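Each structure below is given as structure tokens.
Shared between the two complexes below is subunit A, which pairs with subunit B and subunit C, respectively.
== the complex of A and B ==
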């Protein structure tokens, strides 16, 4: 039994090398365009998700239009620079890559230079990035700012809270401010104060104090992880036990790392994110997570629970990258061609089972792979999080194990 | 089985297809046995490939069986001769049971958008509408789709013909299917017929044959409740065949497939009773098909389709833009250039001598 497991592990590891072995077909390159030098964790997890799927696709064999292909992965560092991101996509098109898996930086310009090459965003959720009519080659598998904002409004407004909307002045925070503005536009009475705060500020005491004086009964902080950590620290250090809500960055390991000296401050932080599991239960995601960890190891958050267990970060972004590669493989088969235009059109017609067990698909009028309905809410306790029970979707979702 | 709807009621069956229901009944019924159990045609099995359009609807949810009731309105724009040239369908799915959904509604779709009141936005694929999301308990998913007229028109229940001041309405739902004739035990079949009459959702039944069954065919149609106006003339009747109306003008008709009339059967012989029940079941199956023009991802869900036929003008295609012309031809341009050169040259000479 042990031998079988060992053979399976070795096979999987080899498969996960994603094209590093000898070629069994013509090489077909997927470019990962991500900020490897500026946010290494994000770049690496996207790359790993792509490599895991590539290994599995290659192991199964990829024959398109009578020709065998082997998927290869090439990484390009965007360094969070739109100019570099655009340059990377241009070179990907020049080198006849089959697709780009992208963090999202520079997409407003890079989609043009891609010359029809499919680009899939797996992190940034900003509005306007994806539009099948004007940017037919751009797809996204990640929660959108629009979906997160509207789901937060849908969740919070019925609670009759007076919400302080704090958003930082980063691109992410500004996009969030816009999305929140639209989401709460019909219910402005729920908003106690709406304030822009400096990104990465170490002390948000004055802003949080203004929110408190405005009789806010909840903080909704949309910004970089550092902004969220600072807002929590400002509130808790002043003795204000206000509930705090956040977009997906609330689950970023950095928030917990920043607050590691006061673990109790993290308790109760509720964030919106893309669901990690489907109704079939945690089985599919757990299987994906095990394959991911088998190939690349665990992603440690860098904090421990009260019982001393290491806290791990589930590979959410990797899951989106993984799902796109599987959709791409299905599209290549459907198109019977590697022509970018044909592959792009085929991407609108295929459905695959995602790593979380849910259907993953695009269509001709929607290039978003995570629909608004897939946004759920989770709440932290003891440095790990669990789906809330007072939201219909979240209540159906099991908790993913996050400790070892 | 032609219902003598009117004196013009003579239309021969247009569809000659031996299909699932009848074929199934024959396949499971050995032909040379006596007093044996024989299943009757299913009132739910389609008798032809369409409707519903595009292979119908499907659901690929993981574990949840959603209860879905579908209400569809099909708008058929016809020209002054009665020929359809545009078909749109607005389908509202009332989705119950909490959980994920991923529905595919097959149809020859050209465009699709969410209709007012929809809780979500439909997606468009080649030959299908897709719905994906999470149902927190109840969701109304309403899509307005523009269909490819040629393919959608072939599945419409009513044909309109306008000629020489007469508008003829033709029930287009006829289909011929295989079945059997035989003597049967009357009492249980009568009870089933009575239950069928009262049932909101008809269920399949069976008969006990007391003679060797013989193959035959039967043509059935979905009765259509047709109401509205043709010109100034009002129409309201159940149409099972053809109706010539001595009127012309703008057509505004609403058409709904309706259950067949259940005529008294107590006096029928066993053989005639079997024919009556069989025909009724097949007619119910045909009605169900036309009530499901776009299909329903829940096979057990309720369906209703209303067809609205309206005389309209075909939109004019946009005129091609006239090429912009300066009103100057090539020879003229050359002459002007040559003149300019000569003028410049002359000016240069004059200047050099000044």
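== the complex of A and C ==
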């Protein structure tokens, strides 16, 4: 591990030595395709992760095939609309962008109009989105729905809970429903009820009541942050203290903002997400977080702890976006070209150290950057979360500070 | 500009120190004599998808967590050879491939796909000459 850390140190040192802070070269655009207008936190954190890496790459200097380049960032709002997301990717290809960092909406169509341009998904984990054989230009650095759903099944089924599976009718919820269906297919007796609910519904009282009447002893809500908040509100306001489980959207600041008037309702919410720290410990992630905050400030959740401390959101999705840009820079150097096909192939051959200290890499048969076994569980208490102690992986992970 | 240049260097220093601290802890474990190994299962379990049996593996347990099968055991090897043993076993098994692998000072991971499943072999050297093995197998 020392070797990896030393490589990182040398890389950073070189970046510092070579960086004039005014990199000059031919512009090379990375497009960030994200729902800035619909889920502003998500869009902004992806953009910031990309910008942080771009700043570091430019400071080190990027010379590809004898030409100096300067990476630039262009944002395009998908508004969670597949049609708009596809249009954004088409224009990115038309404008000769070098890559797209994508939230994932519309990927089933956008990969095709990209005309070979590398696209990296950093949020949506749906099955089929990434397939090196049929979609060679699509990569992902984010937990997969398969990994999240199976890890949740592994965690919950041995507890002998009767689980109400609620998933909303958004693309995200539908993909989750499919993944949960597979994960619980061998253990249907653990499922009390399996129901689709309207995305962003303000009142999920009737659906939650049906779950209660089905003698559920746990709610697993897979949907947008608003759906998770509504389900919790419906359960707690009816006096039902049922444990609630969620995919990574459970940690979205919007859930806590919506429940800010009843902070105790958030207590006990458990979500599955990609581990923030690697075996090397919290050092690399903390270092990344400090650089992120130094550049863009902290991501405030907009709620406070009982002691009055501001609650912050660790830059998890930003980390994935950051890691992809570093892989892209390494691939450009390896390819010695900005040709999309050559860069895509080079992305299968390079390895970098990720922001959390783990290796990031793809290969010919695997374009997934986060393995299923890196999905952990964290539980909320007093508006912040900590890894649970009753899961072997989670129990080994440190708690990342979320207050100032 | 000088301040900017110093920042990455200080972060680099933090990284190196953090890694060194972990390496020291790991190395302590690697030097320890091994206590008696956990008892072996009477017969090797039949793992889903005909998951390959690596040369020298001693199985000590197998359980189901919901849809997932988790087998545990050990190899009487240090981490490097143990990693090679499992990497070779997976690569050599019909229909199986290694999707990602990684090795650190005392631990290694071999992620795989095959036999209708995906999963991970997690290896951790806990003493001088033994590496614990945890195999997680999930339906793909």
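The rule is short, and it goes like this: the second predicted complex is superposed on the first by the 381 of 404 C-alpha atoms of A that agree within 3 Å, B and C clash if a C-alpha of one lies under 4 Å from a C-alpha of the other, contacts with A are read in each partner's own complex, and residues count from 1 in each chain.
Note that in this section a residue touches a chain if its C-beta (ideal position, glycine included) is under 8 Å from a C-beta of that chain, and two chains touch if they have at least 3 such contacts.
Quick caveat: nothing in here was measured; it's all calculated off a predicted structure.
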Partner chain in contact with A:187 - subunit B first, subunit C second, else both or neither: second
Which superposed partner A:399 touches (first subunit B, second subunit C, both, neither): neither
First, second, both or neither for A:348, with subunit B first and subunit C second: first
First (subunit B), second (subunit C), both or neither touched by A:238: neither
Partner chain in contact with A:264 - subunit B first, subunit C second, else both or neither: neither
Subunit B versus subunit C as contact partner of A:67, first or second or both or neither: neither
Contacts of A:365 with subunit B and subunit C, given as first, second, both or neither: both
First, second, both or neither for A:279, with subunit B first and subunit C second: both
Per-residue touch tally on subunit A - higher for subunit B or for subunit C: C
Contacts on subunit A seen with subunit B and repeated with subunit C across the two complexes: 279-280, 357-359, 361, 363, 365-366, 371-373
List of subunit A residues in touch with subunit C within their complex: 1-2, 4-6, 8-10, 12-13, 15-17, 19-21, 56, 59, 146, 150, 153-158, 182-187, 190, 279-284, 286-287, 290-291, 294, 357-359, 361, 363, 365-366, 368, 371-373
Residues on subunit A engaged by subunit B in the complex (per definition of touch): 278-280, 348-349, 351, 357-359, 361-366, 371-374, 392-393, 396
Subunit C - residues contacting subunit A, complex: 1, 4-9, 11-23, 26, 65-68, 97, 99-100, 102, 104-105, 107, 109, 111, 113, 118-120, 122, 136, 138-140
Subunit B - residues contacting subunit A, complex: 60-64, 98-100, 102, 112, 120-126, 130, 132-134, 136-137
